[in-house]
Each structure stands twice: as structure tokens, then as C-alpha cells.
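In what follows, chain A forms one complex with chain B and a second complex with chain C.
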Partner chain A sequence: MSPAIRVAPVEDIAEGEGLKVDRSVTGTADHIAVLRDDDGEFYALDDTCTHEEASLAEGWIENGQVECPLHAARFCLRTGAALCLPATRHIRRHQVEVRDGEIWLLPDMAPVP
Partner chain B sequence: MSGQVRRIVVVGGGIGGVSTCAALRSGGYDGALTLIDEGEYPYDRPPLSKRFLGASGGFPLIALRPDAWYDDQRITLLTNSRVAGLLPGEASVRLADGGVIGADRVVLATGGRAARPPIPGADGPRVHVLRTVNDAIRLRASLGPGVRLLVVGAGLIGAEVTSTAVELGCEVCLVDPDARPLAGAVGDRLAGWLHDQHAARGMTVLREAVAYLRDTGRTVLAGLTGGSREFDAVVLGTGMTPAAELAETAGLEVSGGIIVDQGQVTSSPAVLAVGDPARPRLPDGRLGRRAEHWEAAQHDALRAAATILGAPQPAATAPWFWTDRYGRHVEVVGSMADAGEIVFRGAAGDGPFAAFGLRGPQIVSAVAVDQPLAVRAARRLIDRHAEVDRGLLADPAVDLRRLSRRPRIPQDETAVPQESGWGS
Partner chain C sequence: MPSDPAARSEPEPRRSRATVTRRGALHRPAGLEPGIDVGGLVDTEAGLVDRAIFTDERIYRQELRRVFAPSWLFLAHEDQFAKPGDFFTTYMGEDPVIVTRDRTNTIRAFLNSCRHRGARVCRADFGTTRNFTCTYHGWSYDLAGKLVSVPNRDGYPGDFETGQWGLVEVPGIDSYHGLIFGTWNSEAPPLRTALGEMTWYMDAMLDRDPEGTVVVGGIHKWVLEGNWKLAAEQFATDWYHVNMSHASALQLLAPKAKGPKTEIVHRTGRQYVDPRGHGAGFPVHPKNRFDAQTVHDWYDYGALRERLGDARVEGPLTNGHATVFPNFSYLPVNGSIRVWHPKGPDRMEVWAWTVLDRSMPPEVKEAQRLYNLRTFGPSGIFEQDDGENWSEVQSISRGFITNRVPLNYQMGIGSERDDGRYPGMTSELYSDAAGRAFYARWKELMTTPAWHEEQP
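Right, the complex of A and B next:
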């Protein structure tokens, strides 16, 4: 586990919105999308859809899922599971925490299988 | 579930067939499930005119599901297998090799074929269609820098092939008698704008029909106004013909497609149909249009599985499709032809923009270019018959995600604006 990365104050990501954290910051293979569900909870997934090249930080976030902005594949925010076609592969999830009003990201640095 | 359904055969391994299998298993069906496909492997068609056509490589690029999925889901996948007929009076199928597979229900997901218009020479050796992975592999071998390509038909396939061929360095001439192809789906104004993108990028765009195609042995001469023009290859993007032969031979009702009810059941109670070949009979008894879209096939599959399992039908949702051309991502939800008024959010041009179709106070459709969230927001508003404020829709500063969400109960009277535009 790598050291935690401070992403932004909580209020910088509104409910239903996402923020892409560049891989130059996270040190991970892919960028990381920090996603805030419409109930206010924060989640973090790899940013690039497992189907084609698209940023999940720009997706539609609702009801525990993020929908890819390109072809509407949906992923579970909690587990990273691919919930519908055209995606068939799960997406990597990362730990995210809120401490003292700040969003902190704990990237999963395990090698890509 | 009807207790006696223990054997289901799905004919056709496109998005409709594979989605039917997935929906049956996720709906709790645990009986025998056989998926029969004529091709080598179930694959996804939308990339055939886009990413797949412009790349190299084969099936793994576009497999609908990984190999292991079929085992995990206990689906018997029979590839390179053709169904020769449905056995009369029952749901079983007879294979071309003579084998018979017994079933309690058959789901026809047979797709369609590329239509060839009645142009003399349309079946020539340098004349391509684009429906299957083999069509795409054959076509891409003919494309490359300097290749003179004639594309006949400027609908979704014709426009996407044109865009991909241009990326590959071809000189493309696009011919369609219609000045605004796709007007039925996106409305006249946006159809005109989309079609204009071809000429704006230097394509030759002709508004006419091709009189003939004559193969010279090395090239094709196309009969166009003012004489013939020479091309290295031709692509026909002139629509599809539903593959309804199995249904027809079995005596099922067929009329411009396999007629199905709202639960995807054909005129035989043991046979269902989904996807491109299925034509719905509407609740008022009239025949609807075949949807011919990727997501529509998945919704058909959900309905077919619900019917077989005796489960509630999924909620209806506005139809949606996308098309990619010249690096622009275009999405359409609902039918712009049904709109009485169109509200633009941003101007049709080089940047992202959207247009919303309204009928009275309700939003009924939307088209977005490089603005996917606009279509996702619109779809939610359409599905719940929301009344919307035109000014809010048109204002690029208004976040459509917030507009489309149901308002929360304000804790403070001033916390949420009280416009009429916050949905029903």
C-alpha cells in the first residue's frame, strides 16, 4: 500500500460528480477516478473504461454505479464489477477516505494481473 | 417460471442472443441453455464500421464475452452451426448437419443481412457490404492510402465507414439521394448538420442514386449523373434485411420482420424473437418499426427472458443509440421526429453541443455531440415524463445532472430554486 494522497476538499466534488487524478500523481498504471455517489459517498476506480478509451470520471454517477460516457457500460462503485455490456472486465478499485473534510486516496499498487 | 421450461435454445450469437442467455441466467433459469451461432464466435457488431475496420486483428478484439463466461453460465455454445429449421408444432430445432436439439422454448436472435439495392452490378467482386466480421476483414483489406472508395448510402453504416476510410487515407465519394439522411432519427436540422460534416472534411458528397456498377477487372465504374466515375472499391450501406426465414418456414407470422408481442413472443407461444429481426405489434394492434439498434436488442432480450421466466417486464426506456464519425461522438435518445420544438444547448459546430426535442412541456428526445451527460440526463427526464424549463435546458451553465435528479426536500426554502423546471 502506498502513502495516502490528498485529493481535494470534500466540497470540490459534488454529489454525482467525479474527479480524475492523473497517474503521474497516483503512480498507478491508469489514472484514478474519484467518484462521489448521489448519496454523498466517495469511491475510487481506475479511470479508463475496460471496454474502450473513455474516462469514468466524466461518467454518470448514480445509485452505486458509474456509467461510461462513451457506450454506457456500467460499473459498481463499491466493487468495480462490470454490470452490463459492452464492458465484460471488472475495473480496479482503490481505497478512498475522508479525513477532516479532505478526500484522501490510497491507490492499489498491486501489479496488474 | 413456467415449471415445464427446462430446455431453451437461442438461435444467433449477436448482442440479442448473448443478452438473452445472460438475462435468463441472471433471472434464475437453471435449466439447459444452448446458444447456436453460424459464425466462429459471438462478437459485437458496432466496432465493425469503426475501431475494428481501422485496426488489424480478429475476434478477440470484439468478442462479446470471454470464453470462460459460457462455461460459468453453463451455456452450451455451438459455433459454426446452422439451424435448418424449427420442428413443426414444437420448439425444437433441426441443425443443418441433421442433429435435433429438443427445447421447450426457442428464442430467434437471427439478426439480418446487409441489403443489396437493385443496382446492376451490386453483387460484383469489388462491391462490399458490412454486416459480419468477415465482411469487415474483407473490406479493410481493400482500404488504404489513395484508394478511391465509393460509399453508397449515408446512413449510420455509410457515414461511419466513410469516416474510418478517410482516416485510413482513402479518397471517398459518398452518394445518397437523400439530402438529410437520418432525419427520421435526429430531425432535419441536425441530420443536415451531420451530413455536412462529410463535405466539410473534403469528401465528395453527391445527392443522387447510382445507376449501375460495372466491374472492369481492376476497378468499378459507377453510373452517376454526368457519366461514369471510376473507383477501386464500393461499399453498400443501404440497410438490412431481417433474417426471418426460419420463422417464415415454420409458419410464424412474418411481415417486414418476425412479428412479436410486447413480451417478444411470436405467433407460436413456444417461440420468441429478439433484436434486429423482431418487429413489434404495438398495444393498439398496429405494427411498429424494427428497432435495429444495439441497445434495443438488449432490451428485447430482457423482455424475452422475463416472459419465459414469468417475471415482471422491465421498465420501458427511451431508445438510445450512438454513432462515431470524424472523432465526434454522437448520441441520440428518443425520436427527434416526435418533437414539436427543438431547444439547442450550445451551437451546432466544432465544440460539444446538444439539442432537446420537446412536445408541449415534456422532453421527448435529445441529440448530443461530445456531450454524453446531456443525453443521460435527458433520458432520465424522458423516462419519467418530466416537464422541463426551456431556459434551463438551453443554458450551458446549468448542470443537467442536477436538473435531471429529483429535487430533494429543501431544508431551507431558499436552498432550491422553485422553478417549474425541476421535474415532475
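Right, the complex of A and C next:
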């Protein structure tokens, strides 16, 4: 686990929106998408869809899921599980916390299997 | 809808280069798109029209090529695109198009057909999106039409470049007082030039309010048996049918249902005749008359006279009908704008918007919306009469003898003049003058090779 990264004030990401954090900042293999569900909760997943090259930070977020903006694959925000075709592989999740009105990201630095 | 008028942006007149599509060794053989000489089917000097122009499939195919492809066509209202990614799908002739606001806030339009196998890349009527993804194999395009994802990209040859396979863009996009028009013709005159003096008449609907207009409610769509020109022509030139076709509606709407007053039945008025094929007719009366009482009470007619002038308030603001060639029509006082989408020689789809002044308070908007739907909505008491007539004319037009008997467009021949009060040439309220001009323009386009045709 790497040191926590301060991402943005909470109000910078509206409900149902996402923010892509570049891998040059996170130090991870992929960029990380910080995603805010429509109930206000924050989640973080690898940004690139496991099906094709697409940014999940651009996706449609609601009801505990993010839908890829290109081909409509859906992932569970909590577990990263692939929920429907065309995605078949789950996506890596990362820890995210809200501290004093700021969003903090704790990237999972484990090597890619 | 945005409440801050400064937040609204008119689309910049855009003249992007027509999309170059790779053709390889493809070429269309001569005879695939035969040019039929339709010059003998319309005689505007004698006021005669051959019914074949309403029924013949080959003539219809030529209309798509020479009337629809080269002309400025109505696409949508700016109010439908508040933020990037908002889109609306419609047709230009029979070509499906997506109109959208891209990430730089520019209104653009694209052919709604995947460059791979040709399915539509957007199947919704309207909405908000970030990409347009084909549901067939998954090619995805961004809001600027760029191809951004190709599943199994590695399977394509080395010289495959996504930059060459973006959506085909409509090269000409421009707007007039909130109405967005597009053209495939990169050689078309600017929209303002193509509208000509028609804009003076259009302003009676679009420029009453310094804040402009807004769309209220959804867009109604219905199918009618009937050639698209029957509707476009009527809205350009035909007050004549009102007292006959709409007799029951006029009877119903008259105070105490005793029927309309003599001066309403025997109205005088003018009909604008545009050489570009547009037309507009309206009664002339010293008093303006918005029929919904709430709306009538709300308008400050003194201010309207100051803003638009007496001639407009006593003319196109009393009532009226209009067509912008080829297939956009409106009713200035009702707040109805519509497109007659061609669907083969025998069928059209009517797409109708209710467009009202932005400054109207909600209860006035609601009164006007209901009035428009009651009269010219899909089940409106006037709209039903009109649709019945067009379908009636169409249903018998295929009869061999019937089809050969010319139709009469002779009312008001020679009556067109500059009357010093209404811009351009005008005729009487009851006249076929704008209809003759509509068909003269149709004939001109139909007998002239379009920009996309290879010169012999």
C-alpha cells in the first residue's frame, strides 16, 4: 500500500460523475478512475475497461455500478466484478476515503498478476 | 433549459470540408441514378402540375438527390442542446443524422450510419451521451465524429487509419433565430441568403421576444399517407381550403358556436411569394388575435408594434401559414413548427415542435401549448382535416387515368406585385402564387445537376 494521494475536494466530483487520476500521479500500471455513485459514495477502480480501450471515469455511474461509455460493459463499484458482456475480466479496485471534505486515494500497488 | 440568455450560444456558421470517403476502385455505373427530365411535368405559367410528381418512385429518388441533398434543411432548435453531449436524431431527406453539441460547445451534425457495416450509431430519439457506439460490432465515435474504438483493432491491415473512418459530417450548419439548418452542399449559399426576404416573415414568430424562443414539451411524430409536397405546398400557399376543410372547427371555435363572422370568412390578406420556393400567407387586419385568451391578454401589442412594425402585427402576426423550401413549415401564431420528412413517394412523417417566446410566464406558455395541441397537434381539430385531405389526394393518384389529369394552380396568376407594405412580391390571401413558385423552384432544382453529380 502506497501513501495516500489527495485527489480533490468532495464537491469537485458530482454524484454520478467520475475523475481520472493519471498513472504518473498514482504510480500504478493503469490510471485510476475515482467514481461517485448516485448515493454520494466514492469508489475507485482501474480506469481502463477490461474489454477495450475506454475510460471508466467517462462512464455512466449509478446504483453501485459503472457502465463503460463505449460498449456498455458494467462493473461493480464495490468489488470491481465484471457484471455483463462484453467484459469478462474483473477490474482492479482501490481504496478511497473522505477526510475533512477531501477525497483521498490509496492505490493498490500489488503487481499485476 | 438555460435561464441565463447569455449562456446560449448561436452555432457559428460552419463550413467544414465535406468528409472524404475512401472509394478504392469503387465507382457507380452510369444509369444507376438516371436523370429524368421533369421539365414537362410542371407548367407554372399556365398553372398546371402533372400528378406523376406525387407518385413516381424514380422522380422521388431524384428529389432526394437534387432537392433534398443540395438544400438547407431544418434540423432542430438550439434549445434542445443545453450542454455538450446533448443530441437529437432526425433526417435530412431520408438520410438519418445526429445533431449534437460537442465538447467545444459547437453544434455539429453527422450521418447516423456506421462506417463499418452501416447501422445507425445512435438509436435513441434524443438524450445525452459521451460517445456514439454502433450496436452491431461496437465501433465507437466521439462527439466530434472521430472513430475512437474498434474492437479487434489488431485484425485490420497496417494501413488502416481510424482517422479516415470517422462519421460523415454535415458540412454546412447554421442557424436563424434559434432554428438550426444543415446542408450537405458545400457550395450552397449561406443560410441567410437562402432564406432571403422570408426572414422578415419568419421574424413574426421568432423575433417577438428579445429573449428568443424555447421548445416546450416533446416532439410529436406521426405518419401520413401522402406525398411530402402536398403538405409543404399547402403551408406555403393555401388559405383557400380553410373555410371549406376546417368549417366544423371554425364553427366550434366561434363564440356561442354560431359560426364565424362574415368578415372572418371573407378575409383579405397577402401571400408572400419567394423565388427560392418559400411562401407565407396571412390575413390582414388592424387587430392582432392570439386565440388563447391567456396569451392574448399577456401580449403587449403596443410593444410588438414598436418592435416588429405595424405591417407585421397587422399581417403575419394575426394568423397565417408558411413553408421554408423544401420541407419546413410553421404557423406563426400557433407556435407550431414542423418538418415533412419524405418516406417514399406515397408517405411522409410529420415531426412537430411547439416553439414559444422564452419570456412567457409558465401559465401563458401552458395556455399556448394547449391551444397549439388542440388545433394543430397530431389529433388537433385543424390538423386532422389537413391530413385527411392529403391522404385522400394520394390514395387515388395511382389510377392510370387519374394520374394523367393535370391539377389546377391558376388562382391569382399575374397577381404578384410589390405592394409597398410587405417585402418582396406578394399576391392575394387566396392565391396559388406561392405554390407556383414552390413548384418552379422544385423544377429548377430537379432539372439542374447537383454539386455531387459528375459533370458529363
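The definition used in the following text is that the second predicted complex is superposed on the first by the 113 of 113 C-alpha atoms of A that agree within 3 Å, B and C clash if a C-alpha of one lies under 4 Å from a C-alpha of the other, contacts with A are read in each partner's own complex, and residues count from 1 in each chain.
Everything that follows uses one rule, which is that contacts are C-beta pairs under 8 Å (C-beta built on N, C-alpha and C of every residue); 3 or more make two chains touch, one makes a residue touch a chain.
It should be emphasised that the depicted structure is a prediction, and the values quoted were computed from it without experimental measurement.
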Applying the touch criterion given at the start, work out whether A:72 contacts chain B, chain C, both or neither, answering first, second, both or neither.
-> both
Who does A:52 touch here: chain B (first), chain C (second), both, or neither?
-> both
Looking at chain A, does chain B or chain C touch a larger number of its residues?
-> B
Answer with first, second, both or neither: which of chain B and chain C does A:86 touch in the superposed model?
-> both
First (chain B), second (chain C), both or neither touched by A:16 | first
Look at A:38 in the shared chain and tell me whether it touches chain B only, chain C only, both, or neither; answer first, second, both or neither.
-> first
Please work out whether A:97 is in contact with chain B alone, chain C alone, both, or neither, and reply first, second, both or neither.
-> neither
Residues on chain A lying within both footprints (that of chain B and that of chain C) | 52, 58, 69-72, 86
Could you pull out which chain A residues touch chain B in their complex?
-> 16-17, 38, 52, 58, 60, 67, 69-72, 84-86, 88
State the interface residues of chain C toward chain A in the complex, per the touch definition above.
-> 130-131, 133, 138, 140, 148-149, 151
The residues of chain A that touch chain C in their complex are 51-54, 58, 69-72, 86
Residues of chain B touching chain A in the complex | 15, 18-19, 44, 46, 51, 64-66, 69, 295, 298, 320, 322, 329, 372-373, 376, 401-402, 405
